[in-house]
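One chain, chain A, links the two complexes that follow: it is found with chain B in the first and with chain C in the second.
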Partner chain A sequence: MLSAVLRWLPRGGQAGIAGEARIASLLLWALVAVLLLGLGLPLLFIFAKSVQDGDGGFVCLANFAQVLQSPGLLRASSNSLQLGLTVTALVLPLAFAFAWALLRSRLWGRGLWRQVGLSPLLAPSLMPAISLVYLFGNQGLLKDWLHGGNIYGFWGVVLGELFYTFPHALLIIMTALSAADARLYEAGRVLGAGPLRQFLTITLPGVRYGLVSAGLVVFTLVLTDFGVPKVVGGDFNVLAVEAFKQVIGQQNFPRGAVVGLLLLLPAILSCLVERHMARRQQAALTARAQPFAPAPAWLRDAGALLLLLAIGLLLLALLGVGVAASFIKYWPYNLDFTLAHYQFDTVDGGGWSAYVNSLQLATATAVLGSLLVFVGAYVCEKLPGMALGRSLLRFLAMLPMAVPGLVLGLGYVFFFNHPANPLHGWYGSLGLMVLCCIAHFYTTAHLTAATALKQLDGEFEAVAASLKVPFWVTWWRVSLPVCLPALVDVARFLFVSAMTTLSALIFIMTPEHSLAAVSIITMDDAGDTAAAAAMATLVVLSSAGLSLLLSLLERLLGRRNQRWRKPG
Partner chain B sequence: MKPAENGLSDHLTMHGLSRRFGSFTALDAVSLSIRKGEFVCLLGPSGCGKTTLLRLIAGLDLPDAGSIALQARDITRAAPAQRDYGIVFQSYALFPNLSVADNIAYGLKPRHERQRHRLRVRELLDMVGLPGAEDKYPAQLSGGQQQRVALARALATSPGMLLLDEPLSALDARVRDKLREELKGLQQRLGVTTLMVTHDQEEALAIADRVVVMNAGRIEQIGTPAEIYRQPCSRFVAEFVGEANWLPATACGAQQVRVGNHALRLEAVLPPDPALQLFLRPEDVIIKPRWENAPNTVLARVDNISFGGALTRIRLLPEGMPGQVLYAEVCPGMLDRQPLVPGEIVPVELPAARLLAFAGDLPC
Partner chain C sequence: MKKQMAACIGLVCTGLMAPLAQAATTLTVYSALEADQVKDYKAAFEKANPDIELRFVRESTGVITAKLLSEKNNPQADVVWGLAATSLMILDQQGMLQSYAPKGVENLNREFVDKAHPPKWTGMDVWAATICFNTVEAVKKGLPKPESWADLTKPVYKGQIVMPHPASSGTGYLDVSAWLQMMGEKNGWDYMDKLHVNMAQYVHSGSKPCKMAAAGEYPIGISFEYRGAELKEKGAPIDLVYPKEGLGWDLEATAILKGSKNLAAAKMLADFSVSLPAMQLYEKNYAVVAMPGVAKQNPYIPTDYAKRLSKNNFAWAAKNREAILQEWSRRYESKAAPKN
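Presenting the complex of A and B:
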């Protein structure tokens, strides 16, 4: 498709020079329009809906008052808050310990352990919940451990959310920990600081920013996650599930909008805190920093191995039990192997067609999303002039970070399902879901692409312009090939995210166009836990398979690129 | 288009160019003409506006006021591609994923005429002294070689003008001197109008036909290297270019000044200010073999002698000028007397033809 576009564009020459600036601004405003459609307008409609009654009349803050007076919603809010704080407090030390063991030891196979630590990313948040049901549910394998207690409720949700948020915290903390300056540690050692003092005065201050940032991300994720509380929450009601009940169950749109806005609060708060900190944060690594390399110390490495084993096995258990159970006839009474749960004919939720829909959605999101993100980041970072449009595009690119999927999904319901919207017919289609996924995951993808592009010499475009070569040729011949690793990362991230996400899409899918992650909920609701586990397993396998495939592709392309990357 | 005195026409003319960034004025009404085939250096400290001026000429930035004309065609607001120049940056900006040949051929059109491009690339590589480097990648080349490739790429399309943005600053001293010489030779052979930005005054004086000294967004002086060095027309130029002795003085007559308890004569005209600073290059200080009662001659004690290869640098303390230090640079072979020893008193002449006077207090 891309080459077709390139062929259509005028080839350098006379038409190109005059039209180049026009094409650049056309591109910029087209991108702004796409993001406004997929992000800005739906969000505006949430605000509008929250101050209207069921028939569209303006009621000012009556909906908010109503929500504040309803005991159920207040309890859900306090539950959500309690849950968010507990999970954040638990996941930060765990993720920090794991990251420390990975980056500050000399253990063999750290790359493998890293993959284990990130493995929850491959699964929808429902997977740990289903595994928990298999382990501690009414017919759970380890039910006796609970001494007559019950996994359904607060602690079940906490466990599930720990699994779900762990890789997100791990990624951020690993980034912070890896930016260590060996010279500081040398100075500390020379001045007589022991390992503990070095840890307290050098390591911890160095990752302070990363820890706070990870805490904010985890808190927001927990508050807006919908999958885990839906499956193992039992009577423990949280805001995210409440929003779903109000909109999909009771069709009470205004109240859903108010709940959605409540969920927007922690995310906006996080963003503000983060921005404030970023301004105070100085560059952790100066150009002259020496990369830190841990010295050999077998005692420390043994401790690190124990840490990795304990946490890694827990993660693998919560992922593996669900996978294993999907191949077992009747848990836990008949443990024979079977593929019967993969014949989804007898259960609700769409079965294999839902899976195929998800694959299509994820592929389209990955392909179109990476293209859009890379063009967008290029326009933002590399093209001259158009200051207003570029800052608008940058703002829209950073906005999704502050918008939980659930809130975005609500916005889509209000905007695209509005009878007066000319795009009304698009509602429930694959195209709209692709747009929603791209908008939802835009920030991370944009930052990855922008970071890669920023590392390119800022003078490439100036040189190309002096040689009368239009910018799209330089984009195609230089920027894109050099940024290929980042492009593959973006594609992988978008595919896996689209495959596993639930929060936004559950509001805009229709039963005819079911999706794998949503069908897991449907099947679990209907009591077909084994089928739900089977579908979750399919999602995990597809995500893992594509990641593997892209890694291979990257290595293959890398070999071709080696010639220019390696000096000498 | 007005013909210049040497018969060559103006290639590029700038008139009243101004550029502000917020409250900072990077360029303040700058006017300049560059003749065809001329090598012009923009020289100044960082922040003086020289790079801003280059970016305006390249079309990478637009002026707030003023105009630029290329051979009488107004290009003030034209896109970079409509301006006909090649550019070399300090960072070289070579495309890392393209081979040397592809880098050089990047701007050659039409793209499918590979055979013709191959010949042109070979010709350019021979010209910049890198024959046979076609299939290498930028990461496999040294800094000096990358600079040559960048130059070949800028010249590939035979542009009417070559813009160089600190092209030699990232190289080590030996390579820099060699490349500087080659660059000048190449420029003379091709006759391409060249504008180079540099903060290195030695480089500017060595390479340019004309030097434009800039300070705080304004042009201080335009002239040949010898004019800039010998007759700096402002205090800034005198301080920025080369080494100099500065002697505080007071005017006492049409061409007479008083320094300490000596009266000195100048051939230059004095500025109206009563407080003056005398300017004298160290190599213009003459150490005489024996005392004779001549004008502008004082006695000085040799304080220190430092060997500097071709030139010996002598730190002198002139008598009757308390606290004043005078540096002299002499060629050891040309010193018509016994070797100097520290502590010795020698007669020193401050030639009236070489002394210049500027208004104001001590230089900082």
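Presenting the complex of A and C:
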């Protein structure tokens, strides 16, 4: 629908300013419609489903009562809470230490360490879990470290989730740390505060919002991830796995909806806290702040290096062991090299076609998604008037942040698979999965694009309007080229996310369009751990390969399009 | 509204509406066959019937059964090929199966065919409980080889055993059902209570315990003979143990869903499923098949295998499946604290 509108736009150019406004509002409402379809309506259907019985009769809160009474679910909820709190408490200091070492030292190669810190983003959450089995499983390399303990259970899941959530926490804390004001440190030094005191009274208070917001993000991620608990959870049952069991294993959709709603609660809560904090934080930063640059200090740098090494190597180990395991013939009895695990024909999960599907899905999501997001952000930021439509669009753009993938996936099942839905025929197609991915990752992509657009002076539009140049010409000739780096960032983010995500797609996937990340779970369920590791390796390699390719492209484009940023 | 919602549930997850490559007829086949078997079976049928394409939806027994039941009012499958007879009997109790006597059904052992005339389902082969026992790890840990189900409750095996979850795996359910039938309900549950103390994990599929045993992850996996023999042939350091009290077992079977829109093609598949070429395929994987005289000796499976199967009352196992699974879940899934 959108591409049709775009194709139609250039010809409308002759219509002049009156026609332009009409086209702008058409565009805006088309975007709102797409997001309502891909986000709003599926969510509404979860609420509806949670108050119905299996045959669709209205049962009020009976499903909730049933779920709350079932001891298995109660235990799963308390397990989930315990897990979320533990992981959050552990990942925050780790991510903070790593961010501090990156931003407050003068070490060489910090850019490389940054990539190491973010490397878990390239892998589905199943990868660390599989690596953990090879490291600490009963035949694991480092099994002795556990002194007879067992990786299957609470602590195994904690370790896997640490790896999975680390880069998310790191990104947020790095942003917070980099906003430091050098004048404060100067004042502290002059007043005689030592490094420790400076750290406690300036650094920590400065990042407290970042820490809280990272904590909320991590907590929500842990609660809604089922990749890690599924592989190394053993008998440790969590809510996310319970929702999966209810819906896929027992086809009990109303109960699945209730569990899904339970999982929506912490996410909504985080969002509210976040918004509340954002309002207070604005006052804390001033425009006159001076960027902080660390002074030379070899002792501090040595400490930073140790921190980076310790955490970085742990991350690389959890990524690398799975990759290595996929080439081993028969762990632990025959350690010869083999490519046999990459022949997916004899195992469950859809094999190479699943991988190809995932590539297609990720590419389509990246291309269509970044276009959609960029047009949406432009409409939100740059076009005049249409206050109601724009605030609706903004709300829909921020909504996905509060919706875990698992909940969104359930919503898609309930909404698009309803026989009365005219789009029913779309169910199970690749197109629907693309829509689902775009909706799921919309917020981050939108914020990136909007930030880039905000850096552009609004006068471009004002001048264009006075010259009677329609907005799409400005968009195409000015905004788009200037924001190309941000656009490439968005595309990369969407590609990697679509490649590695599991939570939403596992519910709407069909045997014709099986996906790589989902097939990892299927293979592991059937006991083909090496094949699962092989597929996870493929996913990591593709994400890393594309990221590298886009970085090169970005450099190339940067040289051509970003010359204006340089002085002189 | 009620009807609509039911239809909606029926369609969930099948993705039937996805555009399909056009052969003359496409049959949707639900199956709990092993992934490595599906490929051969599908190729053999499509070679014999070039104008019919099979679209397999493969999942573990529990998931396929739940899916079929949830689609009761709007069936998406044409044929079920390779599902536990106990599950098919549940579908039959719900009136979901089409009566049909496939051509050549008279050549099958009558015990392996539904008693109704014409039958609702026809058997393919027997699969039965087998313990995979890792000899290398056993030496390291000083574990004696178990000979019986009772042996598995000995304290020496604590935390060393894995078995399939009976709700998701047909192999898991046939174990539970056989223990209850062999030992009687009270003693059966008592036995499982004791076994639970030794159990390290309940896993999703019937193959996984044996694969875990073969990889030494846990030395003892309660699985079934096909997977055990296959892994042993590949060189896994395992012994296959056939507990002396008797082996729980079930039939893999075929049935046509009532309301199939491709009834003619579905009947072709039902015919193929009982034919000699099909039996020869099953025979490659299983020691006992429904057609007498086809089976050959597998070096890893004992000659008197058929006699070791426990007495199995299918009707009872099917009728009580839901109640048994509920009780199982109450006892072993809702414990207040993790075991270790």
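Everything that follows uses one rule, which is that the second predicted complex is superposed on the first by the 549 of 568 C-alpha atoms of A that agree within 3 Å, B and C clash if a C-alpha of one lies under 4 Å from a C-alpha of the other, contacts with A are read in each partner's own complex, and residues count from 1 in each chain.
In the analysis below, a contact is a pair of C-beta atoms (placed from the backbone, for glycine too) under 8 Å apart; a residue touches a chain by one contact, two chains touch by 3 or more.
A quick note: this is a predicted structure, and the numbers were derived from the prediction, not measured.
Visitor: First (chain B), second (chain C), both or neither: which does A:P481 touch?
Guide: A:P481: touches chain B, not chain C.
Visitor: One more residue to check, A:S370. First (chain B), second (chain C), both or neither?
Guide: neither
Visitor: Once the two complexes are aligned on chain A, which partner has more residues of chain A within touching range, chain B or chain C?
Guide: Per-residue touch count on chain A favours C.
Visitor: Which of the two partners, first being chain B and second being chain C, lies in contact with A:V469: first, second, both, or neither?
Guide: After superposition on chain A, A:V469 lies in contact with chain B alone.
Visitor: Quick one: classify A:P384 as touching chain B (first), chain C (second), both or neither.
Guide: A:P384: touches chain B, not chain C.
Visitor: Answer with first, second, both or neither: which of chain B and chain C does A:F460 touch in the superposed model?
Guide: first
Visitor: Considering only touches as defined above, state whether A:N63 meets chain B (first), chain C (second), both or neither.
Guide: neither
Visitor: For A:N138, is the partner it touches chain B (first), chain C (second), both, or none of the two (neither)?
Guide: After superposing on A, A:N138 lies in contact with chain C but is clear of chain B.
Visitor: Contact residues on chain C for chain A in the complex?
Guide: 1-2, 4-9, 11-20, 35-36, 39, 55-58, 60, 62-63, 66-67, 69-70, 74, 136, 159, 167-168, 200-205, 207-212, 215-218, 235-237, 329, 333-336, 338-340
Visitor: Under the definition above, what is the set of chain A residues touching chain C in their complex?
Guide: Listed in rising order, the residues of chain A that touch chain C are 52, 54-57, 70-72, 75, 133, 137-139, 150, 152-154, 234-237, 248-251, 253, 330-334, 345-349, 413-414, 417-420, 424-429, 507-513, 525-529.
Visitor: Please give the residue numbers of chain B that touch chain A in the complex, ascending.
Guide: Listed in rising order, the residues of chain B that touch chain A are 58-60, 79-83, 85-87, 89, 91, 93, 95-99, 106-107, 109-111, 137-140, 153-154, 156-157, 159, 163.
Visitor: Okay, in this complex, where on chain A does chain B touch?
Guide: Against chain B, the touching part of chain A is residues 11-13, 16-17, 20-21, 384, 457, 459-460, 462-470, 477-478, 481-482, 561, 563-568.
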